[in-house]
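What follows is a pair of complexes built around chain A, which joins chain B in one and chain C in the other.
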Partner chain A sequence: MVTIERPVTATRAPAGPRPRRRRPWPTIAVFLAPALLLFGLLVLAPIAVAGYASFFTWNGFGVPTEFVGAENFRRLLADEVFAGDLRRTLLLVGLSIGVQLPFSLALAMLLHQPLRGRRAYRLVFFAPYVLSEVVTAVLFTMIFSPNQGLANHVTRLIGLGDLGATWLADTRTVMFSLFLVISWKYFGFHTLLYLAARQGIPQELHDAAATDGAGPWRAFRHITLPLLGPTIRISVFLSVLGTIQLFDMVWVLTGGGPIRSSETLAVTMFQEGFKRFQVGYASAISMAIFLISLVFGLLYQRFVLRRDLEGAITTMGDRR
Partner chain B sequence: MSHADGARAARHGALHLVAVLVGATVLVPIVFGVLGGFKDNGQLFTNPFGLPDPWVPGNYTDILGSGEFWRQTGNSLGIALATTVLVVGIGAMASYIFARYAFPGRELLFTVFAIGLMFPFAVAILPLFVLLRELGLLGNPLGVILPQVAFGLPVTIVILRGFFRGIPGEVEESAVLDGCGPVRFFWRILLPMSRPALGTVSVLAVVGSWNNYLLPLIVFNDSRWWTLPLGVQQFQSQYSADTARILAYVTLAILPALLCYALAERQLVAGLTSGIGKG
Partner chain C sequence: MRRWSRRSVLGLAGAGTAGLVLGGCGGGSGSGTGTTIRWWHIANTDPMLSEWAKMARRFEADHPGVTIEITALENEAFKTKLTTNIQAGDPPDIFHTWGGGVLAQQAEAGLIKDLTADVGGWRDTLIPAALDAYTIDGKVYGSAVDTGMVGFWYNKELFARAGVTAPPDTWAGLLDVVRRLKAANVTPIALAGKEKWPGHYYWSYLALRIGGLDLMRQAGDDKDFSRPDFVAAGARLSELVALQPFQTGFLAAGYSTADGQAATMGNGKAAMELMGQWAPTVQNDNSVGRKGLGDRLGFFPFPAVEGGKGRITDAFGGGGGFAVGMNAPAEAIEFLRFIAQPDNARIEARTAGVLPVVAAAQDAVTDPNLKLVARTLATSTGFQLYLDQTFAPAVGQQVNDSVAELLAGQATPEEVAAAITTAAKQG
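Up next, the complex of A and B:
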């Protein structure tokens, strides 16, 4: 790996007038200090404290003193709500990977066609991504509202009656309504990622395939899809991490209800920590979120992203 | 018209149909919000799809005249700007060192920041709340800005370091030969040369701050500092039965974001996809 360092030639040149050489340490210290200070104090320390607090019974005031060992974690593993959180996270991950992302991919392939006005379509598809989750959630609360909401009007219009009377209020439908809103907001983002990657594939490859007699499906299967691989893997990664950490949308849309049937890990953590002041137990949930994210992230990087990540995230603008 | 042309036209028609349908599912909720704000609740019930008849501008004018909406918009804007300036400034300084200075422990430190990309905000929120309370930063915009900066550093540093490394070493050599110190090189040469990357990380910071909810929620008890997401949610619980009024508030909260998006779409899209989109 080539690392560009400070005056390379100047220090290596054995003869000739050498420029005044500065000691790098003060510069390094001054330039790094603010980032280290903020990151250490407001990111690393709180996470470490959460880890520490997860071994205590603590109401969040003063210093945690009532050490209970792994009791919080034992309680967590036996907690039906926590088990439900994990199931719901898996359900959302499955739906995202199985429904939302393939849909985004299909749409990106469509938008890649020479289609009149595709810039306008792209503009529209991506728009929900810039809205905050909270504002989106409030808008959809209104849309799912039993009387004035749009959703019920639509189902009545297409002859499904009041099927939708209970979009967010029924334990059987709430997760799918939630998934609908999440997809509405995020599918455009993934579509755009795929589209950008698709446009980066040289046309010659598809021309050559066509000359060799490959139909559109085979060209997609053997050329487009493999070359989109890195982007698809990144998009799955972002989607899964986002789902593990889901909070805003759920909190505003359902508050985790009805009867905790749409609660996520972060919502349970918030309930325990900020509503019931069980900060020790809530910290144990934090740690669970942390560990799940980290283990997933590291395993995914290790086994799936390995080579992609080098070129995709860490070396943007690098002409290596 | 030849046979092939006909087939192509049919295919195009089908493509457009799909695109229009998807576009409609995206737009209908937003249009429902915009138009719903101009209806009253009776109209929303009897006439959910059509144009308002008559148009009732009262919901909008009430909100625009109340001052609360404007204060929330101002708070959101101020907090987003302060966050962006700080995270880009501090992040750029650190990236400069990570990109162009060699010292023992550099890769380890950088890795810590890079792994920070995977730290969920929710994990730190409880101790962060306790810490901010001890520091007396609850109810203070700094209590939102500083943690946002800290959590924004990983993505800023990862992107900027990559970009800074791509700037040829000769540029720096000649600057040093001309007697340029590290601060002047950073400020006068490196930053101006890095405008595209700085734009990218700025966009990420603005969007992140503008949309943040959890942190303002726990830091601001006093409605004086509420940001738009908090305001919208509070408004919803206050007028829970008045759908039309809430739709008007949502619409007004959406507009700045959509306007910004329409104006800076290219930059935004490039920003959000540049780091991850090129496979």
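Up next, the complex of A and C:
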């Protein structure tokens, strides 16, 4: 263990108009170099290489030589599978924001009430989040298994017959089954976020509202919800980015099938790159995923998170 | 949140970077006293897992200073890992290969050794056509280890229950058997729809029976899969699909999973499956009590199609072999020669239920069904490698994808032919 013996303040300049201090550039460079090197090598370089490869027809063996310009991107824009991926991503985003997050919010409000066994509930609801996506997917392939699966046992018990057998095997239901599994895994995480934020709202506000005659709904609508705003906005952000990059769960659960009815952007990229050895085209898809995430991230920060980020510690100098 | 998906995006790109950076560097094995041979194979379950480990230990004992490092992976995991390594310019010294289009691409990029001169010594000990899948432009790039063919495995008891006395030898006959099985409340066919390769067997075999071996050769040359014979194959398959012969939820079923194709067959829940020579072993492994069907299991070749140019004796299948990485030490080839000795080939045949390519080892095949497959193969009039192996990967995967759409009732025979042709022209 290293402890800093000397108080940090000892090096500070005395109060008053501060002279413009020379920054210790060499020191900064020495300490920053390893991080920059790793970041450049592991993050920036692969992006650059993928960008480079996306302009070639390349099977991944040897060095790319067959330059085709923007052909891969033109093909991508005309690709029905890619269009389908985008549609499916939008569907999942819509379902997450419209169903999963409100459910998590409602649950968080419920768990905030003085409830017997509240801690146990929290633990149980959060437990799925701890499992890896692969474990979750394997678990649900067993649950949705046509003969011995739990889903079928349940549907038989309530008189619906073998309904569960085709949840993953039918092109019309597979996306909803997938959404169910995603929700099962992630609702606890969002619930926890909301619960933590809810507990940070001072009780006085609700007391005051009650004194003014506001009912529970009005108190929720005008006090709780606005104050949960920053948390909700972050939770939507995480949810959307996660959905855009969704891979493992789909890969293990359905492999993108039946046919391609549950294929996501990342699954298509994997198929093209590792199954069809069309690495140039796969790189174009990876660039598309990267750009979609980037554009979404920037726009979201600019227009939605702006208020929340104001006054945050990441200001540049005195500028806000 | 979903960290892995990000990483796979970068991983793909990263593999590319490594490929550029490491492209020229050597593997660094095989100098001085200690030589390490990295051996990647797909026998990740016993008995072959331990048999091959024992074989490696015996080789090490005979060759002081040589260490064989074994990596045994499941099929799909193997393909992904190998692809990454090969793209990084670092192929293992010895690795499993199915030959065909993928091997050709690897050879073209100069990533594997030309074994033509080396196999000369032992090629006469192999059965004819053993090296066909590994021969590209007259050069041999792999050493065959096992071989086999695809055919119908059937449950004799369930056939009897439906009043079927003899396996069908025509397509019409097969459709009739399916109808009878349905009438007797038996699921006619088990199929793994989640994995698409088992489905592609149907379309490929039909194309082979209708158009003959020449059809495949032509399509490989001129990249045209829209000939009437290919469309006809799709149309015949549609006839089967229309009878709804597959088990409930087959589109989400895996092959060797708890409730998958092999388990459905091995537990007696379906009457037939179209699968390669390994089917009985996998059925046993995935069935309740690991017993499989035992004596109730039978085998018959894919039926002939009325008026087709192909013969019922033309076989469709493939096998496994080993390729040698470009930087492998000389001992790696020595080890392949060692594996190809009849005594070692017999071990495979006896314990793992595979059909060896070493002629002298054929006597070690004892299972009656496997003997039947071996005999069918030995008397075959022609041989076609799996389509998803023989053509470039992009074409092979399109065959799998398009046939899957047909099986799900979502594509017409014409659309299947057109999509494969498009992929072939693009590649």
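What we mean here is this: the second predicted complex is superposed on the first by the 284 of 320 C-alpha atoms of A that agree within 3 Å, B and C clash if a C-alpha of one lies under 4 Å from a C-alpha of the other, contacts with A are read in each partner's own complex, and residues count from 1 in each chain.
In this section, a contact is a pair of C-beta atoms (placed from the backbone, for glycine too) under 8 Å apart; a residue touches a chain by one contact, two chains touch by 3 or more.
Note that the coordinates shown come from a computational prediction; the quantities given were computed from them, not determined experimentally.
Participant: Of the partners chain B and chain C, which touch A:Trp184 in the superposed model: first, second, both, neither?
Facilitator: A:Trp184 sits against chain B, while chain C stays out of touch.
Participant: Please indicate which partner A:Leu115 is in contact with in the superposed arrangement: first for chain B, second for chain C, both, or neither.
Facilitator: After superposing on A, A:Leu115 lies in contact with chain B but is clear of chain C.
Participant: I want to verify the contact counts: of chain B and chain C, which reaches more residues of chain A?
Facilitator: Per-residue touch count on chain A favours B.
Participant: Does the superposition put A:Pro258 against chain B (first), chain C (second), both, or neither?
Facilitator: Once the two structures are laid over each other on A, A:Pro258 reaches chain C alone.
Participant: By the touch definition at the top of the document, which applies to A:Ala197: first (chain B), second (chain C), both, or neither?
Facilitator: first
Participant: Contacts for A:His153 in the overlay, against chain B (first) and chain C (second): which applies, first, second, both or neither?
Facilitator: In the superposition, A:His153 contacts chain B only.
Participant: In the superposed arrangement, does A:Ile28 touch chain B (first), chain C (second), both or neither?
Facilitator: first
Participant: Between chain B and chain C, whom does A:Ser145 touch in the aligned arrangement: first, second, both, or neither?
Facilitator: In the superposition, A:Ser145 touches chain B and chain C alike.
Participant: Which partner does A:Phe125 contact after superposing on A: first (chain B), second (chain C), both, neither?
Facilitator: The first partner, chain B, only.
Participant: For A:Asn59, using the defined touch cut-off, is the partner it touches chain B, chain C, both, or neither? Pick first, second, both or neither.
Facilitator: Touch status of A:Asn59: second partner only.
Participant: Which chain A residues are contacted by chain C in one complex and by chain B in the other?
Facilitator: 42-43, 45-47, 49-50, 53, 60, 133, 141-142, 145, 147-149, 189, 238, 241, 245, 247-248, 266, 269-270, 273-274, 279, 282-283, 286, 289-290
Participant: Please name which positions on chain A make contact with chain C in the complex.
Facilitator: That would be residues 42-43, 45-47, 49-50, 53, 59-63, 133, 141-142, 144-149, 162, 165-166, 168-171, 174, 186, 189, 238-239, 241-242, 245-249, 254-255, 257-260, 266, 269-271, 273-279, 282-283, 286, 289-290 of chain A.
Participant: Chain A touches which residues of chain C in the complex?
Facilitator: 1-2, 4-6, 8-10, 12-17, 19-20, 23, 79-80, 83, 86-87, 102, 105-106, 108-111, 193-196, 247-254, 257-259, 264, 269, 392-394, 397-398, 401, 404-405, 408, 410, 427
Participant: If we count contacts the way the header does, which residues on chain B are in touch with chain A in the complex?
Facilitator: It is residues 12, 15-16, 18-19, 22-23, 25-30, 32-33, 36, 41, 44-45, 48-49, 90-91, 93-94, 96-97, 99-103, 109, 112-116, 118-131, 146-147, 149-151, 153-154, 157-159, 161-163, 165-166, 169, 172-173, 176-177, 179, 181-183, 186, 197, 207, 210-214, 218, 228-230, 232-233, 236, 243-244, 246-247, 250, 253-254, 257-258, 260-262, 265, 268-269, 272-279 of chain B that touch chain A.
Participant: List the residues on chain A that touch chain B in their complex, please.
Facilitator: Interface residues on chain A, with respect to chain B: 3-10, 19-20, 22, 24-25, 27-28, 31-32, 34-36, 38-39, 41-47, 49-50, 53, 60, 107, 110-111, 113, 115-116, 118, 121, 123-135, 138-143, 145, 147-150, 153, 184, 188-189, 192-193, 196-197, 200, 227-231, 234-235, 238, 241, 244-245, 247-248, 251-252, 265-266, 269-270, 273-274, 279, 282-283, 286-287, 289-290, 293-294, 297, 308, 311-319.
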